[in-house]
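Down below are the structures I want you to see.
Shared between the two complexes below is chain A, which has chain B as its partner in the first and chain C in the second.
Then we have the complex of A and B:
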């Protein structure tokens, strides 16, 4: 499964809603404490399991989050740690970017989300306790929502109701807002500790998931919000991000400071469906692709971005053999050494596509590019 | 979009090439109508609002809380935040605020301009501990009757400690005094008795034997000496114990002084932190996340059992109690960088980057694709029109097929074409059998192209319209006119 090494610590990863093979990663230097940032736009090669950098944009301060525009296939919104919100157009040359820099927040902007139904506006949530509503063409925010008593860590639009969104804050409450109303319409005291993320269920527009520092994820039905409909325990440390699957009603993905990415089915008694522990530092970003079912991406402070199909091992090693030497050359980190040279003698290795889902072309005579994908300890 | 539907947005028949967005929007309207608890054409109660009536008991508790003198001194935002955390709805909180005469000018949290900076909050509390205390006193203070100004708590602690120490000393002093008295007085008495007896003996024996007078005098002197020695010993003991007490007291005072020094230094370092620029604020925010966890553990011990509210019990009866958070072990270099930043040093790998837009009025490039259909909109249990569902499914399939055609090899490796045991349901949308694929290829391609044109036109021609509409909606919300909103909102 492909991975990409970013020069800075990863903070967020999002798939493009227009191209199945495209995703963007927000990174920040020095763990986001102090330093520059970079926004990468990566492309998945369809033939080989590799991630390549299409374009990257440097910023003066760390990029904490990003979101793709839903109306424009090349626009990106970046949430910057110096309080600004920058808009990038990947179709324009890097020298013409960013096309906008909106500076209204007084503290770090921690999250941004683009409206998937109305497609014309986006939200930014900041540590200055406010959430701002913007449109791409206006230089100033359309609205500011100021009610939280502490940093707002995440804001997410409802996938069906174009005017409703929820926000998660360090004041331990979830708030539901309607842009047609003056203030929040619902306050859910979801956890006893800071809430780091929230997301709506894509198939039931009244179900929200909230992820907190108390290591749990709680699911709430807004029609009966005093008691959660499920509590998902299993992470060892604070849960940083939570994302509902766009393809399965009951499935959600979460990433945590315990370096794992977990998949949950909240309607089942034993909710944990899968646990991926491929990161070696805090896993801070996770996304599930809208266009490709089961495709997951995650990033962490270990400066790696992984993209994998649900059910596979994200760390499955990719080995590329050079044609002349016939010796193996490893791409990126791997735990194997020298064990694969003897396998070269085999002819026409065909991998069961059903097992690994990857296309493999090889002819052992030419051996130009032989990709062997598999679990490191199986090869 | 605003211009197209002055009347009901449900009439989409007029726009055949409209994309999924148009279909999705009226679908939203349909869903909203169907989901509203009491569907009325004018103002449907939104599912995202609280429709419960005011709970009088909660309001009473809130009023009691707000009337507490110590709570009066805290900023309004903390009072609101505390009540929200207790589970009160906005209406109940507003009602409680209304009932309690509030001397402060801005009772509404929305208009509060209290400085939201974490460090400033702490300085307003004169909290010598880490700024993490700033938030938690808001929660713990009213519940635990610990004032928001932690100084009182802290000085009471000193006080209490000092009072306790003094009391201990007094008691021990009194005890030793009593003890000494008990040992001294009998000795004194016995000595007196001895002397008296000897006196008597003297008087008796005086007549008897004069030469024994000297002996008796000597004996008396000896006894006196012995008594004096006893007295001296006793007084020595008393002195020693007093010295010990003094020493203990001194040590104790020293310990207290040391603690005070430590706290002073901590408060100094915090003030130093406040004085620094933004980035160190971020450092303390990050450490706050950790610290608040440990601090709240401590605070909770004080808070529990001093609260008036019972609502906490409602929530705690739900499935397994949340696990106590623990601070995740940070990578070593993270701690190094944090330490550097807190000392005021800048890490060396930072470059000066100018990330300002070179042309602030840069035009957006023309979009190449129209917004794509998503599975989540196409396959759900909510009733939709037949046409739209099919159209969406075809488009999704088409994309998969297009990819097939583009690559000479099979479908891109990340597409899941196999049937997995556990996940079968939504495969149907993505899988394309040969016949379906052929049809899919032939049919939706023109529609995709049309979509592109339509999408291109739509997105390029009236960008300002869209934002005007959005602005109108939000402006309307601020003036509070519900009817117009519902008419104009769903487009």
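Then we have the complex of A and C:
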């Protein structure tokens, strides 16, 4: 299936709600710790399994997340690590972009979500512990929601009620908000550890999923949140993002620092539907297409974006590339090729990459530690 | 700095679930020096469609003038094969080329410009492709490449060829007419008239470069060039030229194909060179053995915008970053013109926002061993990184072609060395007191994937399983 190599480390991927073959990717240099960012808009070729770069926008700091506008097919909202929120118009040339740059958050903006029902506003969640509500045409935020006691990692609109959203924070709580109310309407102490992501079920507007550093995903019914309706265990490290299927009520996708993307059916006992281990670094972005049932996209710190149909192998093209070009044998030349041949060879390539690649170039001792911690095979 | 530490702290929390209740990792986080160096340019991996890239660089063999393989070859017959090669090897439609710039030094200006234009026709270019020559003495070939890169950056055209040509058989060094007597009053102007050999003596004398050091450098150059030839390294960059040779005694014409440099002497030794008499000054140190050879040859380099190279699926050998200056020409005292690279290299490297330590490979023209050694020592460069396949003392120095020849040699060597070899520098001294240098970056890793051809059929099996 198609894949795309980005120059920077992937942070988020989202399908366009207007074009079935279009998606956007948020990337950041040096794992988002230091350096620039870039927003790519990619097109799936209708004939061949390839992704091509339609347009890309450079930013001064890493791009942590993005969301497509639900009202205009060419507008994109980008959450930037320098605390700014930028609006891009893909119909305009890169020189005319961004069309708006909104500076209010005092720390990294970690997620953004466009209102899918009223289609006039969007949310941003930031490490400055706040969530802000914006509209595209206003130069300042409409409202700031400040209750969380630590970084807010994610905020997601309810798919039915246009004023309701939920937020996930490092203060270990999940909060439900109604923009018409003064404060949060519900506080769910959902996990013992930091919560990194949340999403609403698209068919049952009372069901929320939360993903946490405790490696689990929990499903909650907001009418009775004393106990979760389901706990999905299976990821080996913190779960970074969770996303409900737009097509099937019980299906959700998640990605994790254990480098896998998982599909779950939360209503059955053996909940894990599929596990994809195509990424070779932390998998941090996953999305499901609204327009094509079963079409998935993921990105990760291995600088790769994959698009594949549920049930298929996301890296089929990579394997074929290795097979035809024969480059898989050449260690250190291209670390991508041949990394799937066997576990042993993969170790060798990781070692090589650690020596020549971006890992060491990043001038921070700790980011390498991050790697070793995150990697299931000890290099 | 603090921001980066804070970001790592947040991310690290995600990986340490057992401790997340207490946020106290301040002590375990500290900035440390990166083992790979901390030059900002080294971190840079951005790829822009506006970058100017080199997709092909070829040269003819370099042959001794008057005695070597090209002694009976017309200069235009040297240029035509390399012009044709850059088009044929890349399957480029010659109509798409926006300009051809040829560096050439000794021949009379207008005649050489006509010869080059004729060579373009021999090479199969249509009349619609223009051509001009450029003369910055010994760096003309490099200047031609830099001019094309600059014109592409400026948007004058998207695809261009920088080339170099010199037949020192056809056009020996000479001065036509009389010298303006006013020159007596201008010391610098007068020094422009010094034979190059005397400027070399001046460098050796003023900076204390001994005869033995110079002879040793010459031997080393021959040894490296011979090793590179023997291992077939030059086969990647040399385009064989079919021509004729006339026997000086019988006058008999013989068709030949020249594909090997003929000036390299693998068996030369310090004791052999020590027997040679100084060529320019009685008590001097510069001899025929430790100076560059007088040669015939040509080279051509195909440049284009990165976006076009990607669209055509062409391999990217080298890159000029669109956002940095990567070429510098400087002026120095004409009496010691050989010190040019010692000034030009730091200027170009600084303009590219790099440090000298970031450069993995150098091609510094060996006009004379004296000035080559002075520049190497002055900049404290690692000898292992310079002229790894020999230099002008062994291969030859066809003045106008040398710059483009160095581009071909450098980029093919960088390609062989892989990702470890990211930045290369070409530099040379220039008669009448100048120096030029250019910084080249190796085509980077992101190119590789974007340029791979599409796979139509595959069996999902590894190579071993078939």
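Here, the second predicted complex is superposed on the first by the 317 of 379 C-alpha atoms of A that agree within 3 Å, B and C clash if a C-alpha of one lies under 4 Å from a C-alpha of the other, contacts with A are read in each partner's own complex, and residues count from 1 in each chain.
Operating definition for what follows: contacts are C-beta pairs under 8 Å (C-beta built on N, C-alpha and C of every residue); 3 or more make two chains touch, one makes a residue touch a chain.
Just so you know, these numbers come straight off a predicted model, no measurement behind them.
In the superposition on chain A, contact is made by A:58 with both chain B and chain C.
Of the two partner chains, chain B is the only one touched by A:189; chain C is not. In the superposed pair of complexes, A:316 makes contact with chain C only, with no contact to chain B. Legend: residue contacts after superposition of the two complexes on their common chain; A:277 is shown touching neither chain B nor chain C. Between chain B and chain C, B contacts the larger number of chain A residues. Touch criterion met: A:50 reaches chain C, while chain B stays clear of it.
In the superposition on chain A, A:142 makes contact with chain B only, not with chain C.
Within the superposed three-chain model, A:5 lies in touch with chain C and out of touch with chain B [touch as defined at top].
Residue contacts after overlaying the shared chain place A:215 against chain B and chain C alike.
Overlaid on A, the two complexes show chain B and chain C touching the same residues of chain A, namely 29-36, 48, 58, 81, 108, 127, 151, 170, 172, 192-194, 213-215, 237-238, 257, 358, 361. Contacts from chain A toward chain C in the complex involve residues 5, 7-8, 29-36, 38, 48, 50, 58, 81, 108, 127, 151, 170, 172, 192-194, 196, 213-215, 237-238, 240, 257, 313, 316-317, 319-326, 328-329, 332-334, 336, 341, 356, 358, 360-367, 369-370, 373-374. Chain C contributes residues 3-4, 7-8, 10-17, 20, 28-36, 38, 42-43, 45-47, 418-420, 445-446, 448-450, 452, 454-455, 458-464, 466 to its touches with chain A in the complex.
Across the interface of their complex, chain A is touched by residues 21, 24-25, 28, 31-32, 46-50, 77-78, 80-81, 84-87, 89-90, 109-110, 116-118, 135, 138, 278-279, 281-283, 285-286, 289, 292-293, 296, 314-315, 318-320, 322-326, 328, 331, 333-334, 337-338, 341, 346-347, 349-360, 362, 364-365, 367-369, 371-372, 374-376, 380-381, 399, 403, 406-407, 409-418, 420, 423, 425-427, 430, 459, 463-464, 466-467, 470-471, 473-474, 476-478, 480, 485, 489-490 of chain B.
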